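Heads up, there are several structures right after this.
What follows is subunit A paired twice: with subunit B in the first complex and subunit C in the second.
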Partner chain A sequence: MNELVFFINNVVISGTVAGSIYAIGAIGITLVFSIMRFAHFAHADLMTFGALMVLMFTSLFPGSGALLGIPTPLLMLPLGMAMTAFLAIGIDRTFYKPMREHGVKPIVIVIASLGVTLMLQGLIRLFAGTGSRSMYVGESKGIYRLELPFELASRPIVITEPQITLILFTLVAVIGLHLFMHRTRTGKAMRAMSDNPDLARVSGINTDKVVMVTWILAGCLAAAAGTFLSMDVSLTPDLSFHLLLPIFAAAIVGGVGHPYGAIAGGFLVGFAETLSVFNWAVLLRPIRHWFPEWVEIPRTLALVGTEYKIVVPFFILVVVLVWRPTGIFKGKVI
Partner chain B sequence: MLANILNKFPENFPLRELVVAGLVFLAVLLVLISQGSAYGVRMLVEASCYAIIALGLTIQWGYGGQFNAGVMGFVALGGFCAMLFSVPVNDAFWSTDLPGELGRAFVWLIAGVLLVVAVSQLHRFGLSKRLRTVLTIIVALITWMVVKSVFAPVTSAIENQAGFIGGLGLPAWIGWLVGGLLAGLVGYFIGHICLGLRSDYLAIATLGIAEIIKAFLKNEDWLTRGTATVSPLPWPTPGPAELGFVLSRSIYLAVTAVMIVAIFFLLQRAYHAPWGRMIRAIRDNEIAAQAMGKDVNKRRLEVFVFGCVLIGIGGGALTTFNGIFDAQGYLPLNHTFLVLVMVILGGPGNNLGTILGALLVYIIWVMSEPLALYVMHLYADVAGSLFGWEAPANLSSRALQARVFVIGLLITLVLRYAPKGLMPEKLTHEKG
Partner chain C sequence: MSLLNATQVQGGYGGMNILKGVDMAIDKEDIGVIVGPNGAGKSTMLKAIFGLVQVTDGDILLRGESIRNRQPNELVHLGMGFIPQEKNIFPSMTVEENLEMGAYIKPRTTARMLEKIYSFFPDLKQKRKQPSGELSGGQRQMVAMGRALMTEPTLLLLDEPTAGLSPLYMQEIFDRIVEINKAGVGILMVEQNAKQALAIATKGFVLASGQNLFTDTGEKLLNDPDVAKSFLGG
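Up next is the complex of A and B:
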């Protein structure tokens, strides 16, 4: 039974957490990709920026979350989201929009977004240093240990407060996004523009407004993902660089332009990662007696070592690009 | 006024080239005078290695319009091959029976690959495609675990008994060439997958493969000693111990300069040849080129692989000159984005512009380090005396981050205001 608890702790919970982070990030990527038609590399740095803003506000007003009974970073999250959305719109106005109007190839904007990545990283490290920080200023992270009511299970299931809020936030975000995209005029305009920008423009849709709403959504979601990830682990300036590949893999697996695909892709990538670094020998040991005598269960039986975790999203990306470049939900190949 | 002066020159007069070359010359002279000749020559050698790498990227980006965001990985591959071929033979490894065991492990690997390929062809014998796919995945997983378990004891034995497998004791230039070939091979696989799709996908995939190559070189201790690093790497030319710093580095510079001239000459020939015209036609109007019967994807793959080969060779030369193979020393900033700035600032598609851009950008890059520190300390002093602002302790590590910002700003500004670089690609139009 302890083995099962181990499995739940190491695969179910951490897979869900990683999947939620990737899913929230991938929604932003896929929105930008389908509406402005370029791969936005600076997205992961928007996450770091959002987390940094939240940390800044948290250090300014430490302990203010206790008034409402929630952790302070969570209280400051809307502020961080607003800042990140502003930053995203600002970046678009200064760098991407002039290039778009200039009619350059999309790949040039991709390179510009890499330039923006470097600028953001440079600024973040210049002002926040290169070390890692905890998001909790003068508070402690809530950790829940759920004892199982079985005789054999002596270990508890461990889940932390930010993990629970993250999963709840993902649910709310998904439902909210669905309602927004299907029930509101702006959401419908976004879908129209993602299908055919020229047709959308001639039918009187304000494309500038759609672009702005896209950046607001992308910025808010990025800030949330970055904050939850930093609350779960810690805030490091190079947080973003390791996230970039899984997020892009998730967006492409799900089909570019499909927010639901991005969610599915995010969870697929997240679970694939945790499943392939999971040590399966732990699960095999209790059923040792079912195997013939000569079979020897090795001490570690993981598909890849943790140091090669990054290979997993890349492998998924390659498989999808070879077999089904449209993604599992038939997105666009643009 | 300026236009009047400019108009006095004949149309073909290479004014722009002369001005940029003069700038580069002035910068080199300044460094040589202010930092001493040993330092100056070292910087020139590094800049020339970067120029080779930049030429590789200018083929991909300038000629072919494909964006490689993982130059670092190909540079690291070149460096790895240079290390593997040039480092002296490790007797502690070869005198034991470990080479035989390692060979056996590789036989297992080859057999495993053959088995998986064989299973993936089962549909030719009447098996349904769905069943074949499922079977292939299962067999591939099992083979992977078996091969992994065959390799694990051998590699850990090598790490414990011999440290690492050592080199082959051959001249370094063989390693450079093989490094180029290996980089080209990896480029072929990536290009084969991504070049049929939009160039964004290539950027994402190259970014990923670069990180994977780095992770591999960092963690396979039996092959590269991992974080323990391998040094010294023997030079193909007489080393500093025999001739002193200035002379030995000058000879090395001569070698890299000859390489640049040779590559430059070949590239110019290719650029003006029908092949170069075809590549540019594909870059500028893919649909028209396709309508003229050009095999777009195949040509793109050619360009991409050529570029990767050059990047690998340049990476080998750079690593050998540094004298140390450190997988963690390959950074996206130094080995991807710096090269990118060289290319887009110098002029993508213009070989001379790329070389001059590489020299200029590298000199500015190297010199910006003390400059950034100086500015930061000055600022901290002023702010400290005026407002009582206390500078953080890690000021110097932060000052270097300012350069990251500047590189990023440079990329976006050049793309926005001078997308053709300092020396734009010269398009010759047929007259008449």
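Up next is the complex of A and C:
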């Protein structure tokens, strides 16, 4: 039974957490791509920035979350989201918009966004230092231990407060986004612009407004994902660096420009990562007696070591793209 | 005063002049038809009027006011509608959503206009929940026209509305255009089915190499032996 608990803790929960983070990141990338037709490399830095803002507000008003009975970073999240949305719009106005208006090729904007990544990472290090920080100031992270009502299960299922919030947030965000895109006028205008930007313009759709809404959505989602991840682990300036590849892999695997694809891709990459670093030896030990005597079960039996986790998204990317060049859900070819 | 008056329009793509001084005038009661060989600049002229192609010389007046190089969405507000030659629907969106996007600038009238468009194109009502990319060519053309009509424009520009349609469907579309015109909408359209189009035209423009070759009533152009010989296939 303990083996099952181990599996739940290390695969089901970890995979769902990683998958949620990747899905939220990939949705942002996909939204930006479908409206502006370029791959936004600075997206992961919006995540770091959002978390940093939340940490800043948390440090300014430590313990204020207690008023509502929630962790302070959670209380400050809306502020962090707003700041990140502002940053995203600001970056667009200063860098990407002038380029779009000059009608440059998308690749030029992609490279510009790489520049923005480097700039943001530098700025974040300049102001926040290079060390890692806890998002909790004078508070502690809630950890839940669920004991299973079986005799053989002596170990509990462990899930943390930020993990639960992240999973709930992802659920709400996905449903909310769906309703927004299908029920509201602005949401439909976003889909229209993604479908056929010229016709959207000809129809009188305010494309500047659609672009702005896209950045607000992308910024808010990124800030939330960054904050939950930092709450669960810690905030480091290179957070974005570790997220960039998986979220791009997730967006591309799912089918670029396709929000549901981004969700599917995010969970695919998240679970593939956790499954490939999972120590399968643990699950094999209880069925040891089924194997012939001479078979030794090694102490660790994982597909790849944790250090090499980053190869997994690449591997999935290549396999899926060979099988389906436009992603799981038919996306737009970049 | 004409509804639309374009004089000596020059313009094109990226510095290359495709239009070399084109004149065109349309009144509220007119159906203007532009014909001419492929590559003559017919689509370019419509795009120039609708602010999608840079106009470098000449002027375009809407009810006497210059609209030269105005943004398309301003022109929608001024009562113009445009149906491009290709990619004139939102393929992943349903028929109804396509129509709603047509009324983007007038959200309050959406419900009323939807009813009107559905009674005008009953086929669309049946298909309203279907992604428009899954419709037949003729039905797509109706979606495209419906979308442009949602704002109740006073001037409608259509680029080859009957391209690729069977003769029966083509006649159906032309009948609809006449109806729309009777309801008080000035029409300017590009057509390859020149004979049938000129038959409903009050004004015809023959364009070649970015210049007006002939301008007259539809009927006169149809019966002009020069026009017939070179542009109407004998």
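Here is the rule we use: the second predicted complex is superposed on the first by the 334 of 334 C-alpha atoms of A that agree within 3 Å, B and C clash if a C-alpha of one lies under 4 Å from a C-alpha of the other, contacts with A are read in each partner's own complex, and residues count from 1 in each chain.
In the analysis below, a contact is a pair of C-beta atoms (placed from the backbone, for glycine too) under 8 Å apart; a residue touches a chain by one contact, two chains touch by 3 or more.
Bear in mind that the values here come from a model prediction, so they are computed numbers and not experimental data.
S.K.: Report clash or fit for the pair subunit B and subunit C bound to subunit A in the combined superposed model.
M.R.: Aligned on subunit A, subunit C fits beside subunit B.
S.K.: Going by the touch definition up top, name the partner, subunit B or subunit C, that contacts more of subunit A.
M.R.: B
S.K.: Answer with first, second, both or neither: which of subunit B and subunit C does A:Ala192 touch in the superposed model?
M.R.: The answer is second: A:Ala192 touches subunit C but not subunit B.
S.K.: Counting only touches as set out at the top, which of subunit B and subunit C does A:Pro313 meet: first, second, both, neither?
M.R.: In the superposed model, A:Pro313 contacts subunit B only, not subunit C.
S.K.: A:Ser203 in the overlay: touching subunit B, subunit C, both, or neither? Say first, second, both or neither.
M.R.: In the superposed model, A:Ser203 contacts subunit C only, not subunit B.
S.K.: Take the Cα centre of subunit A as the vertex and report the angle out to the centres of subunit B and subunit C, nearest 10 degrees.
M.R.: 90
S.K.: Looking at the superposed set of three chains, what is the minimum CA distance between subunit B and subunit C in Å?
M.R.: Shortest inter-chain C-alpha distance (subunit B to subunit C): 14 Å.
S.K.: Report the residues of subunit A in contact with subunit C in the complex, numbered from low to high.
M.R.: 185, 188-189, 191-192, 195-196, 198-207
S.K.: Report the residues of subunit B in contact with subunit A in the complex, numbered from low to high.
M.R.: Residues 65, 67, 69, 141, 144-145, 149, 193-194, 197-201, 203-205, 207-209, 211-212, 215-216, 218-219, 332-333, 337, 340, 344, 392, 394, 397-398, 401-412, 415-416, 419 of subunit B touch subunit A in their complex.
S.K.: For subunit A, which residues are in contact with subunit B within the complex?
M.R.: 33, 38-39, 41, 95, 98-99, 104-108, 110-112, 114-123, 125-126, 129-131, 241, 244-245, 248, 252, 298, 301, 303, 305, 307-308, 310-311, 313-314, 317-318, 321-322, 325, 333-334
S.K.: Applying the document's contact rule, which stretches of subunit C touch subunit A when the two form their complex?
M.R.: 50, 52, 71-73, 76-77, 82, 84, 87-93, 97, 100-102, 104-105, 107, 147, 151
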